[in-house]
């Protein structure tokens, strides 16, 4: 299955991209998606357990993903 | 000596006046001025120890007054 | 810093502009407005009266103390007197600070002190045409409680 | 209640008017503005970026939670994105309530949650022409601290 990882701010700069399509085995978790991202060029920017939102809602690293999910890797927020 | 007592809001209504000139013995205190006011028509409106300001500054009932002082009897404030 | 007792309508955005500074990251504005009811009675308006000369001095003291306490020069406060309709602002306080916690605390502190110390009174007008001087709202310190904490000088 | 992520300048007085109601005796407005310096470096402007679709949803959740928690329907919040000059407002929150304590608390709560939860990032521009993504300001919860308290659903 594939999911789309979204990258923002310093993470987007490090990867040189705003989004990356990841090819994952069925039943893969958020942590698996993060591991897949970390093996790519620029992936060392990611902390061990980044904040992640799936389909616009904050999610847990152990949650399983489904084909077509939008997986946003959220850098430390700095709003306000 | 004389001092001018200023009356506001419900106190002014009770006395039917915004100010009253009081004739006091030299060395009289704020408490003496309040007693003098209480003996006048409407004076029962005053609590036992009303808040008082002398010459625009909050003062203590035991403070002595001087001739010409402006003695404001302050009803419970309700600003804001 | 600035403090005023005014009979003109309060221009809240002007107060915000007054405290805004490039060094400040946070500004807080508090507006107190005339409510349509108080303790279950329908209110049509309020007359605010003040011991004007003292109220102006006392509001300046409060604002000065807030500036000193919270570490800013950017606090302004206005209290309106005279007749106010429902919805009109009786008091406005603006405070700005590099950090938001201090801006919030300064604005909050000023309104609490105003409720305790400012020689201002209000007479509510009700739907039935009657009018009544009202004391502190619930939640503000009572007259007796306020009395004990006034900064009264030892001798004048 | 209303929440928005916007690229237009924030109209703070409009937010105040939006929450003003005859039933409310108190309104509090918080404005966060771009400071001329951060951690000792002179700042000339900030680019705010957002995960826009999620930020709009998250800001709505925050405002909804504030309304429920503090007992009012009159909370509005806007966060601006794009390029901001020094002094411009990046965030505005207005809260109104019959009583002032709740109005203050609601506005304060919303800005604290924004700092923790809103997927928004900022890149500061410095006098020397360099630009840098910056994390939370001192005084706001760290990324790790924030992580543990997110309301994450048990299963999606």
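Should a chain be cited, it is by its letter among A, B, C and D, assigned in written order, with residues numbered from 1 in that chain.
The definition used in the following text is that a contact is a pair of C-beta atoms (placed from the backbone, for glycine too) under 8 Å apart; a residue touches a chain by one contact, two chains touch by 3 or more.
Small disclaimer: the values here were computed from a predicted structure and weren't measured.
Comparing mean CA positions across the assembly, the chain most remote from chain D is B. Rounded to a whole number, the gap between the C-alpha centres of chain A and chain C is 50 angstrom. Taking each chain's centre as the mean of its C-alpha atoms, chain B lies 25 Å from chain C.
Each of the following residues of chain D touches two or more other chains: 32, 100, 111. Across the assembly, chain B contributes residues 80 that each touch 2 or more other chains. Applying the touch criterion to all chain pairs gives A-D, B-C, C-D.
Chain B makes touch with chain C in their complex at residues 6, 8-10, 13, 47, 49, 51, 53-60, 63, 72, 74-80.
Interface of chain C with chain B (complex): residues 32, 48-51, 53-55, 57, 79, 90-91, 111, 114-123, 133-137, 140, 142-143, 146-147, 150-153, 155-156. Only residues 12-13, 16, 20-37, 86-87, 98-101, 103-104, 107-108, 111, 139 of chain D touch chain C when the two sit together in their complex.
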